[in-house]
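Pasting a structure here, questions to come.
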Amino acid sequence: AALERKLQAAERVFKDRDGWLKPHQRVAILRRLATLMEEKRDHLARQIAREGGKPLRDAIVETNRAIDGVLNAADELRNFGGREIPMGLSAAAENRWAFTTKEPIGVVAAISAFNHPLNLIVHQVAPAIAVGCPVIVKPASTTPLSCLDFVALVHEAGLPEPWCQSFIAANNELAQNLATDQRIAFMSFIGSARVGWSLHSKLAPGTRSALEHGGAAPAIVDRSADLDKIIEPIVKGAYYHAGQVCVSTQRIYVHRDIADSFTQKLIDRVEKLRTADPSLMETEVGPLILPREADRVRQWIDEAVDGGALLATGGDRLSETTVRPAVLLDPAIDARVSTQEVFGPVVAVYRYSDLDDAIARANALPTAFQSSIFAQDIDVALRAANRFDASAVMINDLTAFRTDWMPFAGRRESGYGTGGIGYTMRDMTQEKMIIMHRS
Amino acid sequence: AALERKLQAAERVFKDRDGWLKPHQRVAILRRLATLMEEKRDHLARQIAREGGKPLRDAIVETNRAIDGVLNAADELRNFGGREIPMGLSAAAENRWAFTTKEPIGVVAAISAFNHPLNLIVHQVAPAIAVGCPVIVKPASTTPLSCLDFVALVHEAGLPEPWCQSFIAANNELAQNLATDQRIAFMSFIGSARVGWSLHSKLAPGTRSALEHGGAAPAIVDRSADLDKIIEPIVKGAYYHAGQVCVSTQRIYVHRDIADSFTQKLIDRVEKLRTADPSLMETEVGPLILPREADRVRQWIDEAVDGGALLATGGDRLSETTVRPAVLLDPAIDARVSTQEVFGPVVAVYRYSDLDDAIARANALPTAFQSSIFAQDIDVALRAANRFDASAVMINDLTAFRTDWMPFAGRRESGYGTGGIGYTMRDMTQEKMIIMHRS
Amino acid sequence: AALERKLQAAERVFKDRDGWLKPHQRVAILRRLATLMEEKRDHLARQIAREGGKPLRDAIVETNRAIDGVLNAADELRNFGGREIPMGLSAAAENRWAFTTKEPIGVVAAISAFNHPLNLIVHQVAPAIAVGCPVIVKPASTTPLSCLDFVALVHEAGLPEPWCQSFIAANNELAQNLATDQRIAFMSFIGSARVGWSLHSKLAPGTRSALEHGGAAPAIVDRSADLDKIIEPIVKGAYYHAGQVCVSTQRIYVHRDIADSFTQKLIDRVEKLRTADPSLMETEVGPLILPREADRVRQWIDEAVDGGALLATGGDRLSETTVRPAVLLDPAIDARVSTQEVFGPVVAVYRYSDLDDAIARANALPTAFQSSIFAQDIDVALRAANRFDASAVMINDLTAFRTDWMPFAGRRESGYGTGGIGYTMRDMTQEKMIIMHRS
Amino acid sequence: AALERKLQAAERVFKDRDGWLKPHQRVAILRRLATLMEEKRDHLARQIAREGGKPLRDAIVETNRAIDGVLNAADELRNFGGREIPMGLSAAAENRWAFTTKEPIGVVAAISAFNHPLNLIVHQVAPAIAVGCPVIVKPASTTPLSCLDFVALVHEAGLPEPWCQSFIAANNELAQNLATDQRIAFMSFIGSARVGWSLHSKLAPGTRSALEHGGAAPAIVDRSADLDKIIEPIVKGAYYHAGQVCVSTQRIYVHRDIADSFTQKLIDRVEKLRTADPSLMETEVGPLILPREADRVRQWIDEAVDGGALLATGGDRLSETTVRPAVLLDPAIDARVSTQEVFGPVVAVYRYSDLDDAIARANALPTAFQSSIFAQDIDVALRAANRFDASAVMINDLTAFRTDWMPFAGRRESGYGTGGIGYTMRDMTQEKMIIMHRS
């Protein structure tokens, strides 16, 4: 009933074209929103740490990114136009002018994830506000508070409530009811591939969607790599937010000539990671989101070890939800840590002797998202960049590198559509072409 | 088994990156293909008329458009690149260069329709060739010959067979097997909304798709319209290929002040349409594709008349498949001719007194594609262009206007993704971002 | 000597690539600058009115636009990247990736005009800051204070002084020394065509430039025009800032069928314009910038009357610098008011009977910038839009319409290059292409 | 008188807007032109060799590129449109639609160079045809025949003569008369910087221009470079067409650690270059264009040797116009071979020990165009790419690399505007913005 009221309110404001907010009003709201968020920066960061278990230093980064994302959405409107379609390229199309313009697509359902409880909400809501779509946003059940606070600030910034409503779903069925309602023009989903693709297949005819799932991001370490420079980005890519990031480095392929020294340096650094209470400023690795996730991660590690992997460091339980950062050496090719997304503080290290072979192994999963090549040799770097099946290849950078304005798009089972503030704005609009016959 | 062999062949060539054709090779193949098609222009046109019942003069136009579409796909490659993603907009993103490049998405399944048996095939196959995707194309069961001839020319132009295979499905189940195979990266479907959305919901996780369905395209005739100029585009938009076009003009809203004179002029012109054997050069309207479609159209007309409509002209059966062009006046708002796609030579004319009310009625269906406003008054024209829920608004032009390079995208239930040669090429590619960390 | 020091300082910071500000630093400076300007909004507006004689209500608008222009420059950086250049379109270009990126062009000399003493400075300086060019800005000698205040705020916002320096030239020779110095990479000039083109021809080899001059903007009033709606935009276009705008409406061509009623309505409205002290909020028309300009305008009016024109209203001197808004009927085709830029509160009204003839007369001058067609008939509107020799055609809008982000580019003698915040940023950058050979 | 007739004819067809060719007509003409050129491919190549002294194998390449350039111009039209300018970003700009469209700029004067007697003409003429500008083309006085043959084919392809006229100037004054005529809207000049910038400063007010000059292109060879791979591109870059290319490799900076081995390999390869009659298929290096150029090159070599350089190989005169490929070691920093464009078969090799120092020396001239870094180390490659003052940086590729569709733009004194087929088309058009006020 609550959901129905929200859907009706959203649909009503969208259907009344005379009531649409003008671009300059939406820009003003977004800029005020950014200012309000800046004023609450400290509160927002602490809340992220508290409800999501993200180390405070990372929560501060997330908050700053969220603020920038709101400004980003306003910025994009400056050039958010269509294009002229040339006429006259056939005799039948002479004497016309045609151009496209962008219109909001309709009511957006946004279903979000826990691992960036503020910034993911911004990625789903700010574009909707910018382009003029009413949005109903459902946060992860584990991290609703950041979303609720953000939505309150949105209203305080001047957006009338029907244009942005939060929806706390008591169960999965309600979330599905939201997504699959035929009034939804666009569903934005961030979370597990299983749930996402299932919802995708159940959408009403006419509903568009974007999915952002994860993978088991690979990194290749060539023998030309500069070991002293690359350990930091690899460790950051693997253990940031305890590995609970969809583009976390999970599979590292190291050339055998340098495998031993690389592995030793990696272990040394991993063992120095400060794994502790996320509310402390110095903490580098915090807990997982739920005890059952820690159980699962432990189980996958055990399974890998049973299958022949060497647990070189970590993996033990520091609390109900905290697992010490783990390095697994040479797990079996069909182990779950080799094939599925761990979403925990675990990396698997494999040796290789032939670059193309390593790339083929990196590409072998049905998921494909971001990947890294670490190499000083430019031919190796460019060859890997060319042959990786990935939406982004980092050269000497972490797989988890992301700026919020860049395209962010899981390939194949890893996602659908393209994330990134401006890209999502395009997903939430539809082009209208105006053709004027000049007689 | 035949399908499995085709799928395996397609997947095999795509997986072997070293065997991919270079852009200049693909351009050369497409240009040779256009030359071969020009040499067979007459044969191709006659075949379209023969197997599809399209009047020969229109079949010639279709053939010319198909040739241009092949060149179009080659042209697009000249500027088919990615873009630089600016880095340095945050301190964390400094000292990097990033750019995107385009890669083929994988194996394409193309399921086509009968009404443009050559040009639709070109719209689905030429982009795949241009961007380097293997494609398996299934023509409509009623019009397979144009497709088979085209695919033979593709091979003659130099494209190795696994890159372009035709697939004649003996039944719907086989077509579905093609579309939903997990090796398919992209499904392009042109046909009925019912089948399209159903297939869409059954795709394997990871498969992308584009759907091109139809609607019941509306045209509004304002009292400022110049009646002497607009009858021709309206009649062309309504009766071209006996209305078997997804953007055929089906619903005409006329301002009451001019309704009588407009209707009389319309009827006069419709009654002059030469409805005859499609192989004759002077024929303007030919048969429907199957007897059962003529049955259906007749039934819908009868239903409308029973519901209160006046059949002002036409509607009688000239042969098993030929229905004389019909004009219905004021059918009920819930009649099938008012709500569903007729795909036959029938228009419904309604009166209105308020522009916004007419637009609201035009926008009221779950389908939305192209629409027209006929008006000399620029304020009326721009108001309608602004408020139509349509992917394209024609000002003083037929709803069925299309050039093959423009975006062509059904909204809501009318489609998914964007057609048009260059647009489909974008749908069949995925962007890869290369990020280079400069240390 | 002062100039030499400024040039040296600017060149020095530009040559030291390690000292260049990062994009995020430039964005932060521009956003702080906008905030500082908002805080001084009232002061800035009053200063514009005081030193430039612009009516206060218009000075407030100018200030708001200037603030938005600063934000605009920051916004643009979000997407200010190059593009991928496709390789592989010839065998010789295979196995490469190429993309372009943007670099600042070097030291900018900006020479500005009096009529928008703040906003023009923003148009020349904010883009330079955004893209990372050192800029030396010379305001008009009549309105230096707005520029000096703005430059002070730029420094207060955090930009080191060598990156933005003002230069008050005691005489024209010094301004020319600045523009023609071989260390200048780009000269931006806003002012008279005579001076601009002369400087342009004296630039050092290698220096690029943009010129923004004026014209004698034409408006055509078709017989289908809605007289009740169009008088306001015509009067605003003609008399805004006493006509001291480079796209002021100067020549009005009216269809003879409506010429009398149009002229009467125009005169009635012009006579109601509140011409008074610019510091009063209700003033609509203020003084000209210098007594000698008022002398000149008077002289041109007299000359026109001597040549056969009828002075229908206004034209008398209200003060040393204030001329009452004037309407001249049918001046000779070779009168100065018909051929040169008046830059004063004077419009000339001509009759026509054939649209194409009116367009030909509108297009007949060596200057060409913005123009207007007033018509309800869409065919007339589109025909004029097509045939006007103009960088912008307004349909039912004033010739002086401008938003600061749109392209603004005098054609032929009216200018060189393209104004508008983002466009100027492109002018102040040069593309660098990186081609990577993959072996 | 001949010039005046040509100018009048060009102006006349441009002024008559009703007589402009439609885009599809221009596309058809360009495609027919490409076909005609293919039929004459052999003749065109031999003529290039005969009148320009270019080795036949290179003349064949030039002919193929010229044909592709003509198709390129046609291709570009497919997407040659403007863009929507967003309105509504301020309250004053609400309720409008605005888009830009492209119009031809007017009469083009093209002044060309001898070193690519066919392809440069194509670069200047095909864009003009594509966008609809009348063009008057003046070939180099040494190589007029390729131009005349091409213009004849243009007419044979269907372009009416006034749209493309050749002009053989008996003296420099006549060429200047063409360029500086006030009816010229755009001057395209390819040739020496001295002449180009001088003409640029003499253009009539309102005339736009593009200049393509040369430089003394630098290449840096890092100690990580793979010597076995890089000798070929360096030799090709330096001695292609006897160095008579504006982006010829002229200055090579080699890291001292590898300087000796690099130099030896370079000399070995240079001494194997087949320097002979250009009409022979195996010739790699042919004559210079005029005896006086060979005199000049000899003189510069002698001067360098007198100033302390070592002439390691070549430099002797094989005929009146043929100079054997020369390698100079360590010429003085102020020698003409170190500072001015040689335009002959001469490279200078310098040693360096610090990368940034080498880059600074490479950047020290007032000319700046393309440059190369040869390095396997990716950090070195990217650092050089970042810091080179160049319009294009090749990583492990020759400075003279060019595809005809890429941007090609001398910086500072090396040029003005951007070459490349599509880029020149943009230079030869002007945008018109249509703003429609929706009331």
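Think of it as A, B, C and D in the order they're written, each chain with its own count starting at 1.
The criterion applied here is as follows: a contact is a pair of C-beta atoms (placed from the backbone, for glycine too) under 8 Å apart; a residue touches a chain by one contact, two chains touch by 3 or more.
Just so you know, these numbers come straight off a predicted model, no measurement behind them.
*Asks:* Which neighbours does chain C have in common with chain D?
*Replies:* A, B
*Asks:* Between copies chain B and chain C, are the contact residues mostly the same numbers or mostly different, with half as the line?
*Replies:* Same; most numbers are used by both chain B and chain C.
*Asks:* As a quick test, compute the distance in whole Å between the mean CA positions of chain A and chain C.
*Replies:* It comes to 44 Å between the two C-alpha centres.
*Asks:* Residues of chain B that contact two or more other chains, please.
*Replies:* In chain B, residues 78-79, 85-86, 89-90, 97, 100, 378-379, 381, 395-396, 405, 434, 436, 439 touch at least two other chains, as defined above.
*Asks:* In the complex, go through chain B and note every residue touching chain A.
*Replies:* 17, 61, 65, 68, 85-87, 89-90, 92-93, 96, 98, 100, 185, 193, 197, 201-203, 205-206, 208, 229, 366, 381, 385, 387-388, 390-397, 401, 403, 405-407, 409, 411-413, 416, 418, 430-437, 439
*Asks:* Sort out for me which residues of chain B touch chain C in the complex.
*Replies:* 22-24, 27, 77-86, 88-91, 94, 97, 99-101, 375-379, 381, 395-396, 434
*Asks:* If we count contacts the way the header does, which residues on chain D are in touch with chain B in the complex?
*Replies:* Result: residues 72, 74-76, 78-79, 97, 378-379, 382-383, 386, 405, 422, 436, 438-439 of chain D touch chain B.
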